C-alpha cells in the first residue's frame, strides 16, 4: 500500500519503518514466515527468548485451545545464545540489512542468568537492533515467583543488565502491577517496555481430572486477552515516558490501532501468527489504512490519542 | 434429572441442594428467570449488589462485546438496601422457602458504607441465607484503589463487617493477588470466598478514538476469562481452608466441573445468563451428568480432585 | 411495583426463517415463524441469537413491524451495521435459532380520540409501522412522517403498509422526506413535523429513529403541549432485566431500564 | 543446519471441498482442490482452517492419503474427535477455506531393496497409504498390517487402495486385524507384526497410529534390528516452526520439533 502517511516510529532508539513488530515465541526465528510474505516489510521482528545455555522446556502437551485463545507451557525451550546465533544469525543479519529491525530476547532463571544472556547476545548478535529482557515468563518455575514480579525485583534485573549493552534495552512485563513495574524499569534505565506477556491460566480435562497441558498452569494468549492488554498498555503509558510496545491479542489493524491510541508506539502480533501466518503483514496494511482514514500525516500523531 | 449422586454442598454454612449459584449483577433479582425455568431448582442465587443508599451507576453505554466476552461499566447501580427489600423481598423470601438459598450482596464506597449496607441487609433481608460483601468492583472509582485490593485493605473491610451479621459471610474478590487476599479474608472471619469478579479491561472505538463504554475502562467477563478464573480458584483453594464459590466464564457443565476440580465448592453462572437465559439450569444438569460419569456418589468427592 | 414469580414475561423460543431479503440500501427484512408471535405487542422487541460466531456472545435486540398470531409469524427489518446484523442477513429460509421475548414495554394506546402523529426515521420505521397497525385496529386516525438519509435507504414496503393502515381515513397524510431530497420532500422529519403541527392538532406523537431526531421530535411535541412516546435504543446485555446495562437517564435524575421500563418511554420524562 | 530465507516451505493456500463423506464409524474422507497438491510429499501434512467458530482459533493438522498433483486434489481422512473435526465434517462440496502447507518432514524411502513392513492403526492409516503408494511407485515391495478397534471403524476404501498399491507384488500380504475380531483376525497390530517378523525379513518398518501402538511397533522393530520410521502426533500451535509447542522428547535427552523435524521420526531415536 502506498499512502502519504509517515509510518516510521522510534522505539527507544530502535528505528522502525512502521510500528508492526512480532511477539517473542510466536514468530519462530522469522525465516519460517518468508513463505507467507516478505518479512522485511515489517517494522521489526522479535525472536524467541534465549538463555546463555540451552533450556529443554516442558514436556508435551504444550498447547491447548480455550475460548478465543490458547494456553501454552512451552517453558522457554531454546538452544542457548551461541547456538541461536550460529543457526539463525546469517538469516537475521540479512533480514536486518533488508530494513527490518531485529530484536533479540534474553531470558534467565535468575538475575545472574539474565546478565549472562544479555552479555552473550550483545556479543553474538551484532546485527540486533535491540535486546529485550523477558522478566515475565509465567512458565518459569522460580520458587513460584516471577523474575520481575514486583517493582523491586524488576528494578534489580534491569539495573543488572543495563550496563551490559549499548543497544536499546527493552523490558517485557507480565500482566500484573504494570504501572508500578513500568516505573521501576524506566528508573533502572530501560529504553522501552513490551507488554503484556501471557496471563497465567488453567484448563482442566474434566474426564481425566488432569491439566490439558503437561503443567498445571499455562499462559493465556490470543484475542481473549486483548481488552486486558489494551488497558495495561494505557496504564503503563500513563506511568512512564519511555515508549511502549503493545502486545496481547492483536490480530487486526483495529486491534493494533487500539494499542496505539492507548499509548503504544509499536505493536507486536503474537498468537495470531500461528493460526493466520500472514497476520502481521495484514495488520500492517490495515493499520496504515486506519491512519489514512484518521486523516493524519504521521502515525506518531495517533500515539496515545485516546480521548477519555 | 434423577441420579444417585448426592449434589448437596455446604458453602460456609449456606446449605445448598446443589452447587449451582448465580453471579451477582447477572441474574437481576432472580424473578426475571422464572420465565425460562423453575429458579428454585438452583442451589442458590446471588442478588445484585446493594448499598445502604441508592447509587445511580454510570451513564450509557454500559456494555460492549469483545472476543468471547463482554465489558461492562454498570457501576453498581442499585436502589439501596431498603428499596431492594421492599421490591424484591416477597419474591426472594418465597424463593428461599421453595428451597433455593438466596444470597444478598452488600457494596459500599468505603469501609463505613460497607458496614452500613451489611447492617441494613441483615435487618431487611431475614430470608437471606448469607451475605456476600463485594470488595472487588473494578468500576468503583475510589481514588483508583479497590476496596479490598491489598491483603491489609481486605482484612480491614472483612473485620469491620464480620460482627454485624450472624449469617454466613461471603467475600467477593477481584482477580488479583487472590492467594494473599484470600488468606487475609479467612483470617478476618469470612465463611466463604467468591471469586473472581470481572477483569479490568478496555475497548476503544478506533474511529472515534473513544471508549466503547461511557468510562475509559470496564470489567471483562464471559468465556474469555474462564481459564484465568479457574487458575485463581485453584490458587485460592490452596491458600485457605474455607470453601470457595468459583466464578468466571462458566457457561457449561464442563466449565463448572473445572471449577470444582480446581477446588470450588460451588459455582456461579454469570454472563452466560445474559445470552443464554437457561444457562444456570442447564449447567446444573450437565454438572450432575458429569458427576455420574465420574462414578462418585457425592459431588463433594470431586471438590479439589484435580490431579497434578 | 413488587416483583412476583409471575412478573417474568420473557421466555426462550425457537424460530425458523421463512424469508430473509434485502429491501433497501443496507436494510433487510426477515419473516420468521415462532410461538412468540402470539405474545408480542406493538413496540416490544425480541433478543435474537444469530448463529455463526460463538466468539460474539450477545443476542441482538430487534423490534418488529408485524406479529401475526394466527400465522405464527413475525416480521423484522434491520440495518446491517456490524457483524451480528451481517450474520443475520446470511440466514436462509429454513435456518433456525432461538430468541428471547417478548421483551420490554411497547406503545401505549394514546388517550383521547383525536388524531395521532407518527414520526419514523431510518431503521426506526418497523416499530412505527406496528404502532400504525395498532392505531388502525383501534379505529384511531393518524398522520405519519417517514424520513431517511436518501430514498434508496427507505424500506418502501413499510411505507406502503403504513399507507394501507392509514387508508380507512381519507384525511390521513403520510409524508416521506429524505435528507438529500432523493425521494419525497427534501429535509428532516422534524421540518415536516413542524409543518403538520402548524396545520393540524394531534392527541399524541409516537416516534422512533435516531436519538437526535427523537430529541427534536420530543422538543416539538413538548412545545405544542402534545404527549409524546419515544422508542429508545441502548446497548443491551440481556433484554430482560438481568444486567442493568441498558439504563436511560430521566429528567428527574433517576435512571430507568430500557429493556424493562422501555424501550417506549414518555419522551417528556427522558433526559435527552 | 543454518536457516536461510529460502528454507521456508510452508505457504498459505485456498482450498475448495470436492467431496466430504463419512466412510466408517466416526471417520470421514474429504477430497479438496488446492495448489498445495503439487507440493506435498508422502508423510507430510497440512494445517486446515475449519470455518464456523471464530472462538476456536487454531488450525487442525491433518495428514493425507493421496495428493494428486495433476488433478490438483488432496484426499484426507479424519476421525471426528472434537469440535474442529466435527465442523470439518460439516463442510459441503464447494465450501472453501485456507490451509498452510506443506508442513513437516515425511517418509524417507528406506534404503536397500528388500521388503518393507507398514503398520497402521486406526486413523493412522492415511499417511501409511501414502507411504504404500510411494513404495509402489519406487518399485519396492511391502507387506502391511492394518488394525482398528472394530471393523466398523476401519476405512475400508483405504485398505482396498493399499491392496491395490501392493498388487504388483503377488507375494505381498495385507493383514487386517481388529481388537474385537469383528473384521479380519482378532488381536493387536503388534501381534500380527510379530508373526510376520518371524516369517519374513524386512528392510524397514513404517508406522502410524496411536502412540502406544507405535511404541510397541518400535520395540519389535528394534528387537529385530530393523530401521523403523514412525509418524507422530502432537498438539500443535502452528505446524510450521513458529511456536515450539510440538516438541518430541528424544532418547538422547534432546527435544525435536514434531512439525519441522517430524512428524516422521526414526522410531529408535524417540523417547517413547
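Here are a few things to note about the model shown:
Chains here go by letter, A, B, C and D, matching the order in which they are written, and residues are numbered from 1 within each.
By definition in this document, a contact is a pair of C-beta atoms (placed from the backbone, for glycine too) under 8 Å apart; a residue touches a chain by one contact, two chains touch by 3 or more.
This one's a predicted model, so the numbers in the text were calculated from it and none came from an experiment.
Of the two chain pairs shown, B-D and B-C, the one joined by more C-beta contacts is B-C. With every chain reduced to the mean of its CA atoms, the largest distance from subunit A is reached by C.
Subunit B and subunit D, compared by their mean Cα positions, are separated by 48 Å. Averaged C-alpha coordinates give centres for subunit B and subunit C that are 36 Å from one another.
Averaging Cα coordinates per chain places subunit C and subunit D 58 Å apart. Residue positions of subunit D touching 2 or more other chains: 54-56. Shared interface positions of subunit A, defined as residues touching 2 or more other chains, are 67-69, 223.
Shown here, the protein chains touch in all possible pairs. Within the complex, the subunit D residues that touch subunit C are 52-56.
Touching subunit A in their complex are the following residues of subunit D: 1-12, 49, 54-59, 100, 234-238, 240-249, 253, 255.
Per the touch definition, subunit B reaches subunit C in the complex via residues 25-29, 31-36, 48, 56-57, 59-65, 67-70, 72, 74, 77, 86-88, 90-91, 94-95, 222-223, 271, 273-275, 277-278.
Residue ranges on subunit A touching subunit C, taken from their complex, read 67-68, 223. Here subunit A touches subunit B in the complex through residues 66-69, 71, 176, 199-204, 206-211, 216-217, 220, 223-228, 230-231, 234, 249, 254, 257-258, 261-262, 290, 293, 305-308, going by the rule given at the top.
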